[in-house]
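As written, the chains take the letters A, B, C and D, and residue 1 is the first residue of each chain.
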Amino acid sequence: MVNKTLATCREAVTGVFDGATILLGGFGDPGLPGQMLEALREQGAKDLTMVHNGSGGGTHALGGLIHDGRVRKLIASFPNNPGGSSFQELYLKGQIELELVPQGTLAERIRAAGAGLGGFFTPTAAGTELAKGKETRVIDGREYVFEKPLHGDFAFVRAHRADRLGNLNYRMAMRNFNVPMAMAAKFVAAEVDELVPVGDLDPEDIHTPGIFVDRVVEVVRHPKYLEITTEGR
Amino acid sequence: MSLTREGIAYLVACDLPEGSYVNLGIGIPTLVSGFVPADREVFFHSENGILGMGPLAEPGHEDPDIINAGKQYVTLLPGASVFDHPTSFSMIRGGHINYAVLGALEVAANGDMANWRTPGEKVPGVGGAMDLAFGAQNVFVTMTHVTNKGKPKIVNKCSLPLTAPRCVKRIYTDMAVIDVTPEGLVLREFAPGLDPEAVQKLTEPPLRIAPDCKEMDIPAKFHAAQLTPR
Amino acid sequence: MVNKTLATCREAVTGVFDGATILLGGFGDPGLPGQMLEALREQGAKDLTMVHNGSGGGTHALGGLIHDGRVRKLIASFPNNPGGSSFQELYLKGQIELELVPQGTLAERIRAAGAGLGGFFTPTAAGTELAKGKETRVIDGREYVFEKPLHGDFAFVRAHRADRLGNLNYRMAMRNFNVPMAMAAKFVAAEVDELVPVGDLDPEDIHTPGIFVDRVVEVVRHPKYLEITTEGR
Amino acid sequence: MSLTREGIAYLVACDLPEGSYVNLGIGIPTLVSGFVPADREVFFHSENGILGMGPLAEPGHEDPDIINAGKQYVTLLPGASVFDHPTSFSMIRGGHINYAVLGALEVAANGDMANWRTPGEKVPGVGGAMDLAFGAQNVFVTMTHVTNKGKPKIVNKCSLPLTAPRCVKRIYTDMAVIDVTPEGLVLREFAPGLDPEAVQKLTEPPLRIAPDCKEMDIPAKFHAAQLTPR
């Protein structure tokens, strides 16, 4: 019997190696796998490349990982979110690298990785500082920038409900980066509010089919992780 | 005389037609949704995957999984939908959003716009600003007419890094409503008590005066004694 | 009050002009807007470019439109579906043009149009007859083919439930090409099993948000249109 | 001796591991799902947006909105999900499908495969064949070993238009199971009553014999007296 569930986030992050690229889901609190991040802090892997919309907040979760000096590079659209002090301090000291990507381009690069594409042309950023050094092309009279897929060695996401087959359902605005990220990594683990028996999720309510997911951990929501990760746009 | 921040937002709200799909940036734009007439259906989009966003959630009634792009707890109106980031930015980049209302630091006569890097900012962040500026059908800018130091924000050429070239359609400030057209900037309205000359004095590029240019018709509660600080 | 509903499919197709490109949703029967097609047959526009997975069947719906000589060009992945005789006959006579596109590339080109992209690189078809004359590029050691977005002047789709705001919900395997097609045309009309009041569709159950949809028509399912459109892979 | 079509499908089914995600093409591949051991969970994907597909629907119990890529009414197993075409082909092209089991007209020694244009066919159609051949982690081919005219289908070089170059991992025929490796074709199993020489005689490229090459262990009901016609 297929069983993708694990008892703890600690078990879900054991394979993370030094230098790994990690896709970290969520936007603000909804969909952020806060306990996976705490488990990752304990696990110890370093020189990580983290892919996330922001830079986390304070010294917890992603902010904590950065604060601990475990992140070599951040790929993000909005790393200067209010409260993201650890990143900002390290960045100004030259101790962390930043690849700044417009939010829509970030989402599309991750999707392209999951969809097996070699790259795409987006209009966003053409003619701006963020297109410097990038290939551009005029297509049907409009200028586009070439962007490559963004693959992860690991993706960590948070969903609402899941079954042992790895099928995931998200509540409301939890889908955000989680849906594309769960498609774009070699190993995908989800922390979820609730594990349900196979068949309880309606086929129409599964937003991330189990084919994309390797491991699932039930993590009852902790109010702490609903507060600490707040970041601005 | 000039307008309050609310006054600027009010002017934008009046111009959003029934049935339009709108994304509001941070700052003055967030105030716009509060001034849409009650009998007019306008649909607000949030980058993080919401269409049909309502007002901020009442304290104590927040749904932890419903936030806007500014990470505030918001509500959903009947008919709202939720979706993932690729879909959300397809709406933006694919030209499905009718209006993006964005704050700006500078707008040039040709519609170039800068709003993502402030001069003193050492850590850059772009968020969804570029996608919106490149993708929305109409980019409306709301801003104070001049900087804290009294310098025009509507300039011949942007000095700050661009968010997008030639993207702005209309500018709403505390002094004026100005269209960006292929023939240059066109003054459409000026704040009560001002005149076109007063607006031109604080605007770097030359303004053409629209044939039907007029003083704004705006309730007194939106009038401000002085220019609104940024 | 926004009201995107129309009483008849006839009204929904009035704007179709000679030479228009039409994205036609559905795969087999599920999601196929059969009544829109019948209305289009009556409406009379010609020299159409139809974008659909197959070529329809017999002399009804898409098959009928082709049979009537109204289609100048078909963009499809599987036009030789069993029963698609009108197309096959006209094609062999040189009376209809065909652009053959692998099914995944077809779906992705339509999505790219809806997503505002200028094109993308796909591995599919590299080194085969279907890549002839196309730009190719080796990216990270693999060969890819450049494909451009496929926009429609019109898209016609079928959904299960809808509201007056144009929000669409699909049952089971109805989503297929309908989701991307509804994003990729200037004018989008849906025929649906049932119109419901605004608010009856759960925000999580809306698969095509109203922003993409211009017109909605309630069409009770006709058994006739569940039979006639059967086509092979 | 050789195998029936069901026998070929049975061999494939035995090789699909627990928890694998599999897309079955038309023809012999569709028979595979019927031979997966009852205690083994294997998930079947359909291009039109289904994962977790079950058997064909019983007559009178068809759901009009649940069909497979061959347009047959099918069922969903518990844990199944439905999605749109872009997502479905992301599963395929993105390398998420573990096994695509496809019929073929020709397979070459280097793994080139041709299955989308039959020689006599005047109207071309490709469907999802290329996406599957390019995208799946492992492409398994099922076919009769020779054509109706007795010519080998496993050839030095494909004469028909390719579906994808160098895509095939393993070939299942009514005579043999053959792996495509960087060192060429490797014979792993031969049908009961045959020997490697008999297989080689009807195979154009040279076969290496696997060290553990053996006669198939397959129930007698799958044995056929003659080569199975195409």
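Operating definition for what follows: a residue touches a chain if its C-beta (ideal position, glycine included) is under 8 Å from a C-beta of that chain, and two chains touch if they have at least 3 such contacts.
Keep in mind that what you see is a predicted model, and the values were worked out from it rather than measured.
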Least hop count linking subunit B to subunit D through chains in contact: 2
Distance between chain centroids, defined by C-alpha means - subunit B, subunit C (Å): 36
Distance between the centres, which are taken as Cα means, of subunit C and subunit A, whole angstrom: 33
Length of the line joining the C-alpha centres of subunit A and subunit B, rounded to whole Å: 30
Overlap residues in subunit A, where contacts from two or more other chains coincide: 108, 111, 115-117, 122-123, 171-172, 203-204
Sequence positions of subunit B contacting 2 or more other chains: 76, 82-83, 86, 89, 92-93, 135
Complete list of chain pairs which touch one another: A-B, A-C, A-D, B-C, C-D
Contact footprint of subunit B on subunit A as seen in their complex: 27-31, 53, 76-81, 87-88, 91-92, 98, 100-105, 107-108, 111, 122-130, 160, 171-180, 207, 221, 226, 230-233
Sites on subunit A touched by subunit D in the complex: 1-2, 111, 113-117, 163, 165, 167, 183, 198-199, 201, 203-204, 206, 209-212
For the subunit D and subunit A complex, residues of the former touching the latter: 18-19, 21, 41, 43, 45, 51-52, 76, 78-83, 86, 89-97, 135
In the complex, subunit D residues that touch subunit C: 26, 46-50, 63-67, 69-71, 76, 82-86, 88-89, 92-93, 121-131, 134-135, 161-165
Residues of subunit A defined as touching subunit C within the complex: 108, 112, 115-123, 137, 139-140, 142, 144, 148, 171-172, 203-205
